[in-house]
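Heads up, there are several structures right after this.
Look at the two complexes coming up: chain A is in both, with chain B in one and chain C in the other.
The block that comes next holds the complex of A and B.
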């Protein structure tokens, strides 16, 4: 297996005139190609900072992040994002179709190809026929599906999600989790997700990275050896699932 | 329900006006009766001079408004893109914003004379600073999550402005426009009244000095109706353009 993302000795400080906040300290981790990796940790530990570094929105004060061997510059190529707050990351003045089309403007596609990408992505997330609706005409779960469709349309090889299901109700959350697993199966996209929901992390991931401390460092890397395909009915009942979630929970709360 | 309610209050106002000018306390004063004013208004509606004056005034207001908008929006976007630019221009713009256009009339008469251009210039001066500030604030107010999402997808500055910042600023600009169109009409009339620019403002001054009180009042009525119609029109257009935003 090849390495999709290499995080090498990354440290991050935020400097204000009054104080320096040391968020990340010597974080190293490698994401394998095609893997689903979750990053968990107590709130405020620096998970979102890590996302900002991965998406090129911020630069680390020390160390480097390589995506397929290339150091991140501005917006990494082949990267797509899904953020927690779909109401803020979709544009209310554009239809679903135009929201999805916007990132495609950076790709050399003609009109028909673009149209086809949009249709395929909407079918993948189960929203076929919603092209001409506006985001605010859809439910929260459907809006997050649009965000996922927008991500898929760029045909990414890396999907970064920041608490993608934190703002939807419990049942929608299960549906979206299974959708994300299906997407990973269909396209083999390497996926990196930040979440505060440990059950969700265990259910979805090949591997979980636990960040802990101030400044945060990698506390542990937990392999989730539950076979795929996973199911909301049986996987969550599996004793292995219970063991793993207890283990991860203990580390996140600093009990282990 | 609102239209009949408005109509009733208008009728009541006219009845009170008529009573005040025929019975008490303004009987036999220089204030014309409602009936005399409305009769004069009716006559004026069939005179081409009236419509020419209305058009001249609306033209000044509209032209000034459009020029102000054309200057203020690009300028406001540029200012809004940088926090430093916003802070550093705010003082100057607020300073110009509060200068009543009427005080610069003597200067504009020197430059333009009592012309329509003078009126247009005054309207532009009255509107452009407030509109630019409004645009800048709107652009600044764009949700950072939206901008970061666009950055993640590699969408550059121009697209951020076109697809995110301008639409996000639209409700702010709309508020500016709503205030501006009323201000534009007022300034266009003042330009005539004080500066002698052609149009309803000058007509008002002339009929007042020649003692045609009914006509003076009729012109005031025309201005009122015109102002009301324009602001209704603006609200109607805005609801269509900024469909995603409440109010």
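The block that comes next holds the complex of A and C.
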């Protein structure tokens, strides 16, 4: 198992004229290649901060993050992101097709290959035929699917998702979770997902990282040994699922 | 289909009833007028047709419109360029903002004599005055548009490693375009006012020049036709602008309609 991401003793603080906020303190963790890892923790603990550090949007005040052994400076190569607010992440002046094509332009593909990728990605997320629609003409769940399609189209080495399903209704959430499982099956991309939904984290992940504390550190790493394939109907009924869920919940709430 | 047609017709009627009513009132109220300064609308209309369809059209309307469009184009391009620069960097804008606030507060019409001093009375003076006046509304709107670029959008672009060129042309500018277009609209209105003003204080050809010269020579009927023409052209410019804007921002208006 190779290490896809190495987070080494990362600390992050925000300085304001009045005070310094220590958000993350000495966070260390290694993400293995092809794994699906969820990051959970109480609200405001610093999950999004960690994501920003991973995607190169911010620099840690201490420590380093290595992706495939290389220290990241700005946005690392081969990274794709799916954010919570799809209305502000997809470009409303572009059609679905053009939205997906935009990051693809920087890859060495000709026009036909690009079109092929776009079609494949849309088929993968179940939105075949919506190329010429505008994002705002689609429902919330569909827009997030477009977001996922855009992330898939670049064939990333690493997929980062920041509370991707927090803005859709519960039933759509189940559909999208299963979509993520399917994508995992088909592509095997190393994925890091931040979520508030502990059930979701247990359902989808190989491993869960619990962030906790002020400043936050890695409280625990929980291996999810529920076998794949998982399903909404059976897995959530599983004893192991319930035990793991309770365990993680307890840590997030500081009860254990 | 019929309901759509009906709603369009109804909206048109709603918009047009008041102007029609006022025109009718003016026509009937002035019909027997012997006041030399307020001739009957029917006489004004006759003179209007005689002057502007199409005898004096190339003499006055074409130069005015040409100066307007050249000045306006220069102004809005400058406005977008500088607005983009200032809106992209807080630091840069801090240096220039007091200067801009100072210059944009000067009523553009009042700057025309300064342009006369600099350029004389020819077409270049008019174009320069219009260009400078048209720059500021667009500059300010563009600056605002760039400042307000959504951070989630910027993050998305950065994570997907869009080039600097792509970030500017494929992200920031389209994102700011609704505000940029509103700047274009105000710039157009100011450009029109300054075009006329530059002709009033200068001399020679142009709708404003014609109107003032007629008025000074007590050719009141001609002066009235000039005023009427200015109103009609101003209105037509706005209609054309609306059509072009709606085309260009179809995604924005479509989105607004669906997401309430």
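One rule holds for everything that comes next: the second predicted complex is superposed on the first by the 256 of 256 C-alpha atoms of A that agree within 3 Å, B and C clash if a C-alpha of one lies under 4 Å from a C-alpha of the other, contacts with A are read in each partner's own complex, and residues count from 1 in each chain.
One rule holds in what follows: contacts are C-beta pairs under 8 Å (C-beta built on N, C-alpha and C of every residue); 3 or more make two chains touch, one makes a residue touch a chain.
None of the values given here were measured: they were computed from a predicted structure.
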Clash or fit, chain B versus chain C on superposed chain A: clash
First, second, both or neither for A:83, with chain B first and chain C second: both
First, second, both or neither for A:109, with chain B first and chain C second: neither
Touched partner set for A:6, first chain B, second chain C, both or neither: neither
First (chain B), second (chain C), both or neither touched by A:137: second
Which superposed partner A:55 touches (first chain B, second chain C, both, neither): both
Chain B and chain C contact sites that coincide on chain A, given as residue numbers: 55-57, 74-75, 77, 79-81, 83, 85, 88-89, 91-94, 102-103, 105-106, 134, 136, 154, 160
Chain B residues touching chain A - in the complex, by the definition given at the top: 143, 145-146, 148-155, 159, 163-164, 167, 170, 243-245
Of chain A, residues touching chain C in the complex: 55-57, 74-75, 77, 79-81, 83, 85, 87-89, 91-94, 102-103, 105-106, 134, 136-137, 154, 160
Chain A residues touching chain B - in the complex, by the definition given at the top: 55-57, 74-75, 77, 79-81, 83, 85, 88-89, 91-94, 102-103, 105-106, 134, 136, 154, 160
Interface residues, chain C side, partner chain A - complex: 150, 152-153, 155-156, 158-163, 166, 170-171, 174-175, 177, 251-252, 254-255, 258-259
